[in-house]
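Here come two complexes built around chain A, the first alongside chain B, the second alongside chain C.
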Partner chain A sequence: MTSSAALEARPRGGPSAGRLARRHGWTVGVYVLLLLLLLYWQTIPAHWGSFDVQLAIDALPLAFAAMAQSVVIISGGIDLSVGSLISLVNVVSAKYMIDMGFRNALLFGALLLLGSAAAGAFTGSLIVLTRVPDIVVTLAMLFVWAGLALEILQIPGGGAPAQYLQLGTGHWWSQWIPSGLVILLLAYAIFWLPLRWARPGLALYSIGSNRNAAYLSGVGVARTRIFAYALGGLFCGLAGLSLSATSGIGDPSAGQYYTLNSVAAAVLGGVLLIGGVGGLIGPIAAAFVVTLVKTILILKGVDQNWAQVIQGTLIIVVVMIGGLAIRQRRRT
Partner chain B sequence: MSLLEAREVGKRYGPVVALESANLSVDAGEVHALLGANGAGKSTFVKILTGVIQRDGGSVELRGKPVRVSSPSQAARIGLAPVFQDPALVPDLTVAQNIRLTGLAVEEVRQRLRTMDIEIDFSEQAGDVPLPLLRMIDLARAMARDPQLLLLDEITAALPSDLAERVFTVMEDWRRRGRSVLFITHRLAEVIAMCDRATVLRDGRDVGTVIPREGGERQIVEHMLGPEAATAEAHAAEVDETAPVAVDAAPNVGAITVEVSDLRVGSLAGVSFSLRAGEILGIAALEGQGQDDLFAVLAGERRAEGGEINVAGKALRPRHPYDAIRSGLVLVPADRLLALLPQRSVRENIAAPRYNRIGRWGPINPREESRRVSTAIEALQIDTRAQGQVRRLSGGNQQKVTIARWLASGFQTLLCFDPTRGIDVGTKRQIYTLLRRLADDGAAILFFSSELSEFPLVCDRVLTLFGGRITDELAGEGADEASLLRAMHGLVEEVTA
Partner chain C sequence: MSAGSPQIASPAARLRAAQRLLSDNPAIALTFIFIALFVVTDIVNRAQSGKAFLTPTQVSTTFLYAAPLALLAAGQTLVMLTGGVDLSVATTATAGAFITSGTAQAQGTGTALLLALGLGFGIGLVNGIGVAIFRVNPLIMTLGISSVTLGALTIYSQKRFVALVPNIVNTLGSSRFLKYVPYDLLVWAPIAALIILGLRYSGFGRMIFAVGDNPVACRLAGVRVWQVLLLVYALSGAFSAVAGILLVGFNDAADLGIAAPFLLPSVAAVVIGGTSILGGSGGYGGTILGALILTVLDSLLTILNASQALKQILYGSIILALAWLYARTSSGD
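What follows is the complex of A and B.
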């Protein structure tokens, strides 16, 4: 090998616009897809109500669930207990908030967020301490949380103060700004943005990308893994609380839908299952895409079973196209 | 006064001893080399000193105070900063993010790189930066911690010469500032040019500390070889003159089965040789000189970037191991678990490759299979007491199973990549005998080993690789460790000149 060859191989900066497109291409693609679906939705006469409010209501818990799943996948794990932890938070909040005033309900919600973060940290600690693979431990926790949820509320019921429900279903300032969407963005800005570019966030990506290199760089790998699950638990808590607010009740089996759909949204949103790659902006949009596709198909009168087939196909096609694009880029 | 003092440091993994008992003393303001053949324990030693792994025994003192290094980050805090051969940068983060991950200032590292005359786009993802530059970034990152001791583990291996020069400048600079460098390399010329002292490890023990400028290569090589090998060298010198005759006289060497010409792939930069039926051809090389690529291409795991492979006169361009196997080229890898189905039985493992041959959908003939498998088990004297699951077998018996698979299914050319790695002496002997018997029966065998003493025992001819090229060809009997080591370090020209 000659020296000049090595130095010439150095990437020459390149136009930063090109690099931005390359690095965020997937996210941009998901938003374009979302935009197209929104335009198409507009042409369907059957849609009811202020459409974006309704959409935000439907997609809000899934968006939080996708954030929870994405954080864990980025750190190199996977969390199958997302759905049942959401159920647990959902039933606890609905069972006790029904008798509370708005202020107390908010305080209780904050407490539940802490609790669900602790639950996530517990799962993460189990994984680190027992050295049992993530998928096994979280599968076990799926049953644990689901059982507890059923113990707390056997049948759907409970509720929350009207003002609290407004947080999920209402709108602020004008009727075009759903409050749920504002809360989603706030949660993103408060719980993720400050981390993303600071050391804890970098540590999260590093252990998902190359655990050995991260360790050699001085990253506390065990600590960071637990942190990832705790952050995931926090987002699960937000998903559970928003589920209470949008549905108005607690349902011990409501979370089931979110376990695998959160994985689907994460993958659609550009998070690689091998870890270390992706963000939360993409999965949030993907959660809306998943919800929108489902709703459009229902409005179109497509049989529900076929709607599932179409949804699955969509995931494969999108991820395949994304994968091909990446491979194309590597080759050039 | 000595900066770092390590005494009787040891590390074992179960029954395997990685480091027996090693002593090392590095003075302040010294560039100290740590030398030894593959598997002597150099990397284990460095990993212990920098907290990547924990020692089992011995003591480490820094400036006279005992320290227990529990993690890489703690090592950095007390002034020990390593740079490993595989850069410790996270591929999915940008270079700048990688630096911030370690808690350093990006500007500081950029400054260090500038003093080495290297400009890098810090917003590039580390995974997209070429390996030599990644190493330089890793070095700059280690320097930015301003450590008392820089530990450079084979940083110059496969580094282009001008970048290597810059590493040497850094080492000089460190010495001038009264700080120290522990330098691990396979290039003895670098040791003589750069290092104040050199500690040589052999079989997990330190066998001497020399002053390279005074003792020269010869002294270092002597230490690396040990006394027995040194006397063996003397014997070999006598035998040397008759050796070529002996090889020519080998009666069973037949037609060329595999001919490789100008093969290029990965770090392999144009290699040509031919392999004959009935012959065992050795490939001797230090780590990372292209031997991995050579075997991978011949076994069909990788595609060649250039050059030709002819098998029995026909061009072979394997796209898949299946193609290589069909032309009779079969691989026995060093990592046995790569080749075996660990949870399945000995019989299933031996029979597995045969399913390539039977009609794709045809039924398996159990009687015929059983006969072939039993023959192979007997021929290799495999201990079948734990035959239910191959993973329960000892390493030696597992290796025999990987060879038995090919015995049962048939082959022309056996590619043995370090087949005796981690195997006890008795089994090693059996494998040597087996290889010779296979060759006598007309098989061609390509043999790589990290244990140099095996070459004269096993091979008819030995080729040495260095920097992706063949540096020398030795007759099997003449392939003593001293000649091999010299050729493997690319020192042939200097010796003959």
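What follows is the complex of A and C.
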């Protein structure tokens, strides 16, 4: 069903093992790393009893943020406004959901998703219209969204109905399956998988890897770029909503953490910053790895601020290695 | 006489002439905007509190306030000329401020200042290594270094140390001599002169433009691009530390948020000043005017009681609008 199956089904002689390894080796490596970290995490007694639920709670918004960032990077752009759009959705949802019933809260959440997709489309349209580089436009939007979030809610506050919080923090069917994880996989299956193998997804990859070639072969480049940012906006909306569900409040500065970390998770997940390479399944695992590293450090008794410094340093190292990987690829 | 002359009769032609004037020599237009903004602020202030704003004292205050921003924007200008951006300037300035106030008691003022400058240079150097050698996207590298530095500063600020802002730093950051001349001009003016002259006349200065204009051609022509980038980022860190020293002198104490509000204005000042975001064209002269304009704009917004949130939205919009405007004028001809 996934890419490996599709590759094996190819008629001409089948792909070499080397090519398969090159294409999926990195993703598999990330999952092995995640597995090792999880095993190590299980040996630390302090977390006993909370199982995977707490990890899913901490990593859920970052996983969505990483998906948002990855979609945009694959299309050949970069979105620095990810963090503040997440703040904005978080703040709006927490401010208004607090007085709502569960059903209305869900409806409002769906509206917010539409709104954040529209916000992403707006950013994308600005980039296409003004022809100003992605990085500048999204840097400007970073401050516009953050300013709006601050205008809506000056200090952390608000809330959401208890059942809504359960969506992010509870578990379904058995205590081993965190509901957040199920929602994450559902979102991946609904919003990404059908696109990935259809026209829009292919267009996304093609404009990321070679914009001129894509244009010459009839891909609507402008349309696809706007689409990429809109899809990114949608995932930002999911990240903001899950942040409200997992933290229980709205915080206008909560999103800051996600701007850089989403890039790190995307790069660690095998998405190259030059665009056109990678998928979303890797970054999702990478988001868990990034979160797990900090969790383990704190469980080991490392001071919270030191944990942040170490995590940040690791992220920089990851991005540096990613930079070397791009140089390597250019050379070959 | 010339205003009524028939050559520039049609509005379209006049607009084109104005656009050319702006793109060829932004300093003229920017000076005009600066003065106009000052007059507007004067009118608003008279209407609101009955006091004049267009006074020698306010002009002097504007220069006093603008100096730290202009110094942060100095490093930013150099970095943006090479086609990058430095989002760690604010945190580096905060680090400079902390080191100055934290070590002055134990080490003496001179050593403290040297330590602050050295730290700034060092942080910039790390940025440079990432960008120049590992080819990390400058935004991501500097954002990452910024978050690591901020974490380290948080740890440092929780330790016990005797915070002391030396008198000379205090004077530099907040006082004036001859009634109207701020002391921080003594720091700012030489650095500004050095940058403006250096960019125009030194080989290194020209290489900065060349690298921003076309790094591949530079490399093929034998320029060691990575060395240029390394030095540019390191200089940006050092200038940021100087700004931090002035800020701690002005505030008389260091806190973790001392320079954070200057991050976006530092980018905005460069963009307003006409330095291309893609690198290769611009200069520090425009940035100085950009910093002055933003400082007056800040006063105006404060008089109008605008919230921090509104200011952020406005600065973001200004950057976007100007980047668009400059992109249009440069691609038009």
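In the analysis below, the second predicted complex is superposed on the first by the 283 of 332 C-alpha atoms of A that agree within 3 Å, B and C clash if a C-alpha of one lies under 4 Å from a C-alpha of the other, contacts with A are read in each partner's own complex, and residues count from 1 in each chain.
As a convention for this text, contacts are C-beta pairs under 8 Å (C-beta built on N, C-alpha and C of every residue); 3 or more make two chains touch, one makes a residue touch a chain.
Small disclaimer: the values here were computed from a predicted structure and weren't measured.
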Considering only touches as defined above, state whether A:Leu186 meets chain B (first), chain C (second), both or neither.
-> neither
Name the contact category of A:Gly312: first (chain B only), second (chain C only), both, or neither.
-> second
Which partner does A:Val277 contact after superposing on A: first (chain B), second (chain C), both, neither?
-> first
By residue count, is chain A touched more by chain B or by chain C?
-> C
After lining up the shared chain so the two structures overlap, which partner does A:Glu151 touch, if you call chain B first and chain C second: first, second, both or neither?
-> second
Touch check for A:Val136: first (chain B), second (chain C), both, or neither?
-> second
With the two complexes superposed on chain A, say which partner A:Leu216 touches: chain B (first), chain C (second), both, or neither.
-> first
Considering only touches as defined above, state whether A:Val32 meets chain B (first), chain C (second), both or neither.
-> neither
Hey, what residues of chain A end up touching chain B and chain C alike?
-> none
Taking the complex as given, what residues does chain C use to touch chain A?
-> 85, 130, 134-137, 139-141, 143-145, 147-148, 151-152, 154-155, 158, 264, 267, 277-278, 307-313, 315-317, 319-320, 323-324, 327, 331
Of all residues in chain A, those that touch chain B in their complex | 1-3, 5-7, 9-13, 16, 19, 23, 199, 202-203, 205-206, 208-210, 212-220, 276-277
For chain B, which residues are in contact with chain A within the complex?
-> 52, 71-73, 76, 82, 84, 87-93, 97-98, 100-103, 120-121, 123-125, 128-130, 132-133, 158, 160-163, 267
Residues of chain A touching chain C in the complex = 78, 80, 126, 130-133, 135-137, 139-144, 146-151, 154, 259-260, 263-264, 273, 303, 305-306, 308-309, 312-313, 315-316, 319-320, 322-324, 326-327
